[in-house]
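Listed below are the structures to be examined.
Consider the two complexes below, in which chain A is the common component and chain B and chain C are the respective partners.
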Partner chain A sequence: MQTSAWLILIFPLAGTLINAFGWRVLPGKACGWIGTAAIGAAFIAAVATFIALQDRAEDQKQVVFVAWDYANTVGVDGKISILIDPLSIFMALVVTGVSTLIHLYAVAYLWKDRGYARFFAYLNYFVFSMLLLVLAANFLLLIIGWAFVGAASYLLISFWYRRTTATTAGIKAFVINVVGDVGLVIGTFFIFRHSHTLDFLGTFDSASRDFAGHQGALTAGLIFLLVGAFAKSAQVPLHTWLPDAMEGPTPVSALIHAATMVTAGVYLIARMHPLFELSPAAETVGAVIGCVTLLIAGTIALAVTDLKRVIAYSTMSQIGYMVMGVSAGAYVAGLFHLMTHAFFKALLFMAAGSVISAMGGEQSMDRMSGFRRAMPFTFVAFIVGGLALAAVPPFSGFFSKDEILTDIGARGGLWWILVVGGYIGAILTAIYTWRMIFRTFWGDPCPEARDLEEGHLYHPEAPFNPSNGEIEDNDVGFPGPEHMIAERSGEMKIAMSVLAVLAIIGGLLQIPFVTDALGHFLDPTFADSNLDLSPSDGLVVVGLILGAGLSLLGIWIAYVVWVKRPGTSTAVRERLHPLYKLFVNKWYFDELINAIVVRPFAWAGRFGQQTFERVVVNGVFVGGTTGIVKAGSAAARALQNGFLRAYAALLVLGLVGVALYFLLQSS
Partner chain B sequence: MNVNWYLIVSSLVFAIGAAGVLTRRNPLVILLCLELMLNAANIALIAFARMWGNAEGQIFAVIVMVVAACEVCIGLGLVVAIYRRRLPIDVDEIRELHG
Partner chain C sequence: MNLSILLWLPLAAVVAGLILPATEARFAALLGSAAALVLSIVLLFRFDTGKPGLQFVTNKVWISELGIHYKLGVDGLNLFLILLAAILFFAAIAWTALRDWERPRLFYLWFGLAESGVLGALMAQDLALFVIFFDLMLVPFYFLGGGWGDTPNRVAAMVKLFIYTLVGSLLMLSAAVATGVLAQGPGQPITFDLVQLASNARRLPVGSQEWIFLFFAAAFLVKMPAFPVHGWMPDGYKAMPLPVLAVFSGVLSKVAAYGFLRIALPLFPDAAVHFQELILFIALASILYGSVLAFTTRDTRLILGYSSVAQLGFITLGIFSLQDTGAQGALLQAFNHGLVVAPAFFIVALLAARAGGSEDLRDMGGIAFRAPILAVLFLIVAFANLAMPGSSNFVGEFLILLGVFNSKIVISFVAFTGVVLASVYTLRLFIRAMHNRVGPHVESREISLTHGLIVAPLVALIVGIALYPQLALHRSQRSVQASIREAKALTQPAREAQR
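For the complex of A and B:
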């Protein structure tokens, strides 16, 4: 078990190194297959670890493996150690499993891109970082994995590095993620100060004693940890990087910005649950922010027209559910939704990538329509993903979303406000998902779809940047010359089929009254939870019926607005113009952050550069020093005039001076 | 014995030498004036040696003469070199090493 546990980390690292150093000699698609195989091997190692873990007794299911002591001084116990328990192995399985499929998809999708090997090296590095994050057994490795994940995300968003919009988006994502990293580090300090250990299990074991008189420190530390979680999981107000991150290649959007990286915050809260349970204030903050995020993101997704950005906002919204769930104590439900969401959201992104390829790189839904007949496979995949996302029974999203809401409802009291928010979000989800599907696949076929129906894939005359229309070339740093659609490449089809099947049947793990596989499996991790969230049978039944009803209602609304009466959306937009402006401008969060943070900092930077540096540093310090040296050397140089007799005169003068001195002294 | 007069002569010779070094521009004359200054020192040394009745001052004078001979050697060498390169025989004109 120890070997297989370490192998989970070693395979992706090996894949990274092989692709990074061997790209010159690796022929054709070899880089892609090596990357896929590395993650596939990590998945197998994770399965082996999972099986070994299942053989253990129920109270022996949290195992720590220490490789070596990294820093063991003055009360700090920094170890390179991994924690294998149901939660971490569950995360490792989801991450490696979904990543394998996405790698497989990318083998075909990026095949014509000039940065093929670089892409897979980055992608493997990302999976390695993510696994380091979820397997870490102490805060030290957690922070390292956390920062690595941010770096990998930056590299992949800016993958097409000659695109200005992509590099700007990468920088934005990195900066906001670093804000989160700082939050995580400060939060760790707050906790370490009283727990005196970096180890997770040690911290949790003595948490109730350590923080007995330090409730404030604990809450402050947890709020800082939440800042880290919010930045990584794109929660309000640190979410603005996620929609921009859609500048990256579609497999990146599927892997990082839907299935794995953005769930790191959910994982962090679930991992820290013994601490969160000691601090109701931090719990409430997490849950409320999750609820606010899911509503804000849902409304924005109704208004934006960029296909990938709609899915990105939907991701934000779904992660809002998870954050709300795990903060409120519905750990299993939150993680269950994390898993099902990974399946159907990766599937949706893959299908969207296929559609965007068919459009020759264009991402705006305004130009898409009627792809139903042109791309039957993509259409079916999109429908499956859409049904799962909209939480229609019996698709996976239905059970997971419902479990979160009923579990929170079981806490009663003011928590019901969050449940109501969750149900409003559910109907929004159904509307925006099906708006996307109806606008893309229904209606008269657009020229690109007609081209495809006649059998040839549309390619624009000159490659261009879909965000600003700039003309590009096909060299390294820009997308490759050919686009790939699922209908024409086996790898993409296989990856999407597997995910579609998982999106349909993933819910079987946790069907109310029938199965509780996931809850049972995760139980050892959450055994120390003091919250007992078991909603009454009646609540569960009502929740299921209400959830299904709202989903179908949302789909029906979308059908009426965008298919049956096509003019309705324009009419509604005219009627509710201020609201539409608010949504389409993303609630003005970018402008808000600009005004509060970016502009003051830019002003301070300009002041520093133009005023402080020019006047004080260049003028006084540098200028003063050089001025003194210059004046001194000018005086010394004037003495060296080359007149021999002047030198002699000075000598004589000096001699006379010395002689006079001694004469005066002696008298 | 009274060394006053010797010293007066010595300082007069020294002053003449120094004045010559400062005012003349011909390197040959400057060398001559340097010799005057050195010999002024010799006069003083020998006068003191006579006053104390021992030989140390005399020895110093001999050493100074050796130094003077060396110095003249090098100085005349320089003058010859200047002459050979057809440079002006004038110390004010030869000032390439100014700062």
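For the complex of A and C:
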């Protein structure tokens, strides 16, 4: 098992290195296939590890492998060590499985792009980082994986680096992720101070003893860990980077900004559950922020018109469910939703990418309509993803979202407020999802769709940046001159078909009254949980019916507003103008952060540059010496004109002479 | 192994180079620094981690009347800094050897003298000897900057640097003399031997300790430089030729940080504890001030310059956390920062060569396109400079901040903003130089083989130490703990009393 566990990490790393060093010699699509094979091999290694783990006794299912001492000094036990247990293997399976399919999609999607090798090197590096994050057995390695993932995300967001919009989005994502890293480091410090070990299992084993009487430190530490989780998982108020991250190529959005990286926060909370259970305050903070995020993101998704950004806000919202779930103790349900979401959200992004290609790069839904007949395959994929996301039974999203809400309901009391928020969010989800589908696929075909029906793919006259309309530098060659749509690419079709199947049947792992396969598998990780969330049968039934009803209601509302009675949305927008302004301006989070964080620092920098440096440092502090400088420089100028050499020689001779004199004298 | 050979070899080589034809002088310097590099690697391998105290000691009476010894030695504190100096001087001399300089024999003479001076300051185990080398190592830089520098006002800049450091040096000299005199026991000969001084440390009255400590601290802080005594830095950095600047920024500032660990803490523990908060505040101010200036200036050199101010702030912060973790992290960070900043300055030289000779960010942009290898090298350096987890710089910063967190929690919180700001200014530098639209005079071309052969090994070292920082941590642990033991012990009862 040790070998297969390490291979999970080694394959993606090898893929990165091969693509990075082979960029000039690898022909054609080789880079893409090597990248895909590397991740596929990691998936196989994960399956092998999974099988080996299943053979072990129930209480032997948490294994740590140590590779080498990393920073093992003065009481800090930093090691390169991985933890194999049901939770980490579950995450590794989801990550490698979905990643393989997205790599496959990207083999075709980016095929005409000049940065093909670079893209796959980055993408493999991302998967390596993500696996490092989920397999890490101690805080130090977790932080490393955490930051690597952020760096990979930055590199891929800025992949088309000639676009200033992409580089700006990249640096924004990176810096907010660094804020998250800092949160994680401070959280680690708080915990380390009392646990005296960085090792996860060691910390958990003695947590109840170590933190007896240090409740405040534990809560503070966990809240800082949550800051890390919020930054990575795009929870309010550290979410503003995620919509901007849509500057990256669509496979990146599918892989990093939907299926895997952004769920790291959910994983973190689930991993830290023995600590969270000791601190109800931290649990509450996590759950409330999750709920707030899912509602805010849901409302914004109703208003924005950029196709990818709608899906991005939807991602935020769905992760809100997961964060709320795992914080409230619904670990299995939260992770279950993480998995099903990875399937259907990746599928939606792939389908959206196909549509955007058909539009020649344009992402605004205002320009799209009627793609139903032009892109039948993409249409079906989008519908499947949309039904799963809207949680229509029996699609996968239905069971997972339902389980989160009923589990939280089982805690009773004030937790019901969050459940109500979750159900409101469910209606919003159905509405914005189907708004997107109706606006894109229904109605009269737009010119681009008509072109495609006649058999040719639309290309804009000059390649342009869809975010600001700027014409691209044409010597660059990226984004590539050719656009790839699913209808014309085998690789994309295969990837999307597999995900579509998973989006339909993924829910079968965990059906109330029928099966509890996932819960049973994950049990060894959560065996030490003191929370027992088993909703009553009645609650489960009510939940199932309510969930199904609300999602169908939402779809019906979307149908009425955007298909049956076109014009309703304009009327609603005018009636509720202030609310619409709030939503379409994304609740003004960007402006707020700009005003309270970015501007003060920029101002301080300018002040230092223009005033402080000039006046204080050069004026007052050395005011008395300025005269000396002038006199000295005159002397030095004189020396420089020919005397310098003589002077230098003299100085060295003098020094040597003095040294020799004392040396001789002392002996 | 005889440390004197390692110490004087670079100087001996360039002196021998004086008899070579002017065009060949570079080979003497190159040979000397290469030999020093080999010897310092041998030193690393022959270093016995299990042994406490100094190793490879050379101890000769030099000026018996004054009790000054020619004493050299290596322990965990200076082992990796010696290696760093040898690496960076070799790289910088190799870089300078790629082009012709006016008056080359003199140029390389100064360079060789600088290396010997730095190595001497790092190896000296006698306070007087340390002071001499500490001043000696600066002299060549005045001349390298003033004689071969990049800006018209370079002489004025060097004079400014000279005055700043002269004040520091004079303070340090008087403090060193005072230390020797005051620590002299009744009926005992005067001594400047650091080991003996440390064991006599408690003999110094606390009042004298305090002013002596402040004098030393002033000299070290000017050299780093720290806020607000960094006034020489912008002009000085702009004046020096880039390869000279690479070693100046990479090594000399570390000697100052090393001075705190070697001299200030073991010799004046009471004063170190007394002024702990003052120094922490200076360090904190350096971090914040350096960071905000680094992300507003458009001069690529000064971005690195102010970034160094901030990074040296972190190093000082770690030392004065007076915790094992903080000091250990600080020493590792000194090595890391030198290893990062030197290639960064080389890269600035390459960027300027591609941006029509300008070092202004506004004239850059889009350089990555035809220079993917340069872009990757730069990217790794940038990530290391912002202390991304996974780099050795992160391990250093982690340990530093852990130390501060455990001693002064509020200061550590403020210091964390410096971590975030580092990512802002470093990425800003990278993006505005390499990405975005092509600048007006930018001509993107790949790094040349010769330049690549200098930068790539340095980057490989960054990656190597990132994978295994334990290499350095393991060897320095014992010495670092010994260095701060006295001061740390003094902080403990205070903390107990607070509870």
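As a convention for this text, the second predicted complex is superposed on the first by the 614 of 667 C-alpha atoms of A that agree within 3 Å, B and C clash if a C-alpha of one lies under 4 Å from a C-alpha of the other, contacts with A are read in each partner's own complex, and residues count from 1 in each chain.
Quick note on the criterion: a residue touches a chain if its C-beta (ideal position, glycine included) is under 8 Å from a C-beta of that chain, and two chains touch if they have at least 3 such contacts.
Remember, predicted model here, so these are calculated numbers, not experimental data.
Undergrad: A:455 in the overlay: touching chain B, chain C, both, or neither? Say first, second, both or neither.
TA: neither
Undergrad: Is A:76 touching the first partner chain B, the second partner chain C, both, or neither of them?
TA: Second partner only.
Undergrad: Which partner, once the models are overlaid, touches more of chain A's residues, chain C or chain B?
TA: Counting residues of chain A touched by each partner, the higher count goes to C.
Undergrad: Touching A:28, do we find chain B (first), chain C (second), both, or neither?
TA: After superposing on A, A:28 lies clear of both chain B and chain C.
Undergrad: What residues on chain A does chain C touch that chain B touches too?
TA: Shared contact residues on chain A (touching chain B in one complex, chain C in the other): 636-637, 640, 644-645, 648, 652.
Undergrad: Could you pull out which chain A residues touch chain C in their complex?
TA: Within the complex, chain A contacts chain C at residues 20, 23, 68-76, 78, 118, 140, 143-144, 146-148, 151, 154, 158, 161-162, 164, 167, 170-171, 174-175, 178-179, 181-182, 185-186, 189, 192-193, 473, 475-476, 601-602, 604-606, 608-609, 613, 616-618, 621-622, 625, 628-629, 632-633, 636-637, 640, 644-645, 648, 651-652, 655, 662-663, 665-666.
Undergrad: Quick check: in the complex, which residue numbers of chain B touch chain A?
TA: Checking each residue of chain B against chain A gives 18, 21-23, 25, 30, 91-92, 94-99.
Undergrad: Can you check the complex and tell me which residues of chain C touch chain A?
TA: Chain C reaches chain A through residues 60-64, 103, 106, 109-110, 113, 136, 139, 143, 146-147, 155-156, 158-160, 162-164, 228-231, 234, 289, 292-293, 295-297, 324-325, 328, 366, 368-369, 372, 376, 383, 386, 388-390, 394-395, 398-399, 401-402, 405-406, 412-413, 416, 419-421, 423-424, 427-428, 431, 434-438, 468-470, 473-474, 477, 480-481.
Undergrad: Considering only the defined contacts, which chain A positions touch chain B in the complex?
TA: Residue list for chain A touching chain B: 636-645, 648-649, 652.
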